[in-house]
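Structures given as structure tokens follow.
Consider the two complexes below, in which chain A is the common component and chain B and chain C are the respective partners.
And now, the complex of A and B:
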């Protein structure tokens, strides 16, 4: 199993911007080609934003067509609280919903804009 | 009169807030938690989400705590309920009866809803606990003007003002709060509110 230490990879304990999420996304894609399983160690991180999660894990599920079950079969986590894991669960769930909507030919950009407060 | 606090300025200059606690409005909570991942591929919304996340993670170190009210929890619950329905039936109109039936009879629907409800519970139990003031009667309706603000905003302000002054802060993006004459701190990233407050000398200037 390949272990990735997030704070070292991102070079910051604050996991905020989508760009940082994309660094993790790129690394995950590259490692998934080589290893079947990855452990992501979040030790030492301060906080993450939902945009960081969306742009890393959410985008990974969308780009590689990964189901909720497959995601957690391939990727495990350490150094996170139960609440943090719940947020990741939600991100993965939302990626599946977004994919389902795309399959149903829903204009997702328009759809999600409606869910943003004015 | 609302005293406006520029949240960007607080962040940029690492300033302290003049309150010990503040209350979060529903619009900020939705943009912060982004329950449906709506900000993905939306540059403007992602930027806003990051600013809010930074701001909300900053005051923890300075001892300032964020709270919520029952009215905010109800508004957020409605947002989740209706938003979840639309993710399942994007072309249908929301129907409370259909929602109830699905909740009772469709285990997949129920399972998905539970994911969002876990988030709901976490927010209002831990992150922004609902702070209630039970000892006094709060008159929510006497001075409510439907043309001035939504009832949810009005109820939030009334709940906040029922608390000690050290909690008289509201973190919001909603300009309607600016029109209230009551004294409280309006914490915001909304540039229109900040510009108006600057010109009317209502901007909080921390030395």
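And now, the complex of A and C:
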């Protein structure tokens, strides 16, 4: 199993900006070509944001068409609290909703706009 | 003009302020304001950062020496050279004007460091989990403004701890598109609806104008929950919309008389001895 230490990869314990999520996304895509399983070690991190998670894990599910089950089969986490894991679960769940809509050829942005009454 | 309290009318007056400063033909504008809160300072700073005003070398001061002294101590650098100032205020209670303009990848480090150093010292004890969430929410207020508002003058932040009253206020102001215009441009709220509905929408958990990012909004969810527990208050002003609470009440949406370009987010936090957890 390939282990990625996030703080080393991003070179910062602050994981808030979406651009940092994109760095992780690139690394994940590259590593998934070589390894079946990856462990992401978050030891030493201070914060992550929904933007960071959406741009890394959420986008990975969409780009590689990965189901929730497959995602957690391929990627494991260490160095996180229960609250942090909850946030990751929510990101993956949201990505799956978008993935499903995309699969059904639904325009995601239009779909959400229709759901929210003007 | 006197701004002693925080209410929709006092925010609305800022719009008049802006028009008066812009219309002023000379190099020096004098405003009749005896007392300024951080939101007024941050707003004034954003007006003066406008390229046309900077290029014209226009200066502004108050006809009241104490207000000038306060502007000076807040780091407001648009005061005339020979301005009359009053008695010094305790500097340790002031969070000096902090302009944020760039949007680089490492801004998150700089912004969170600044929040930890300047804002946390005036917030009561929080559990580590809540502290993290509050820092993240404050970062979101700033970064959402930098991303969405397209403000040419970035954002100005200013704060003040009032030891006798036992509370702290911090204001975030930008002169960009404003929440009302942004939300309406995405057609989440109808063009004909009142601006406060846009602010209300943007503060709901999960609402965002970022196309690929479902969780977002203004980033105020945990802050609002904390402020509710803390019995503090918050106000968000944009366009002619006012959305805020005061004195433990539920958020009050309202329309204000004068148009405010951009967005103001003002938080008042009671500095007590409680330990907060959500």
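Keep this in mind: the second predicted complex is superposed on the first by the 111 of 118 C-alpha atoms of A that agree within 3 Å, B and C clash if a C-alpha of one lies under 4 Å from a C-alpha of the other, contacts with A are read in each partner's own complex, and residues count from 1 in each chain.
Following the convention adopted for this analysis, a contact is a pair of C-beta atoms (placed from the backbone, for glycine too) under 8 Å apart; a residue touches a chain by one contact, two chains touch by 3 or more.
These numbers were taken from a predicted model, which means no experiment stands behind them.
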item	value
Touched partner set for A:8, first chain B, second chain C, both or neither	neither
Partner chain(s) touched by A:93 [first = chain B, second = chain C, both, neither]	first
Touching partner for A:83 - first (chain B), second (chain C), both, neither	both
First (chain B), second (chain C), both or neither touched by A:16	both
Touching partner for A:63 - first (chain B), second (chain C), both, neither	neither
Chain B or chain C, by number of chain A residues touched	B
Touching partner for A:47 - first (chain B), second (chain C), both, neither	both
Footprint overlap on chain A, where chain B in one structure and chain C in the other make contact	16-18, 46-47, 49-51, 54-55, 59, 83, 90-91, 94, 98, 109, 112-113, 116
In the complex, chain C residues that touch chain A	105-109, 112, 129, 132, 135-136, 139-140, 143, 186-190, 193, 201, 207, 210-216
Residue ranges of chain A touching chain C (in the complex, touch as defined)	12, 14-20, 46-47, 49-51, 54-55, 59, 81, 83, 90-91, 94, 98, 109, 112-113, 116, 118
Complex interface listing, chain A residues touching chain B	16-18, 46-47, 49-51, 54-55, 58-59, 83, 86-87, 89-91, 93-95, 97-98, 101, 104, 106, 109, 111-117
Parts of chain B lying in touch with chain A, wherever the complex brings them together	26-27, 30-42, 45-46, 49-50, 53-54, 57, 83, 86-87, 90-91, 112, 115-116, 118-119, 122, 126, 173
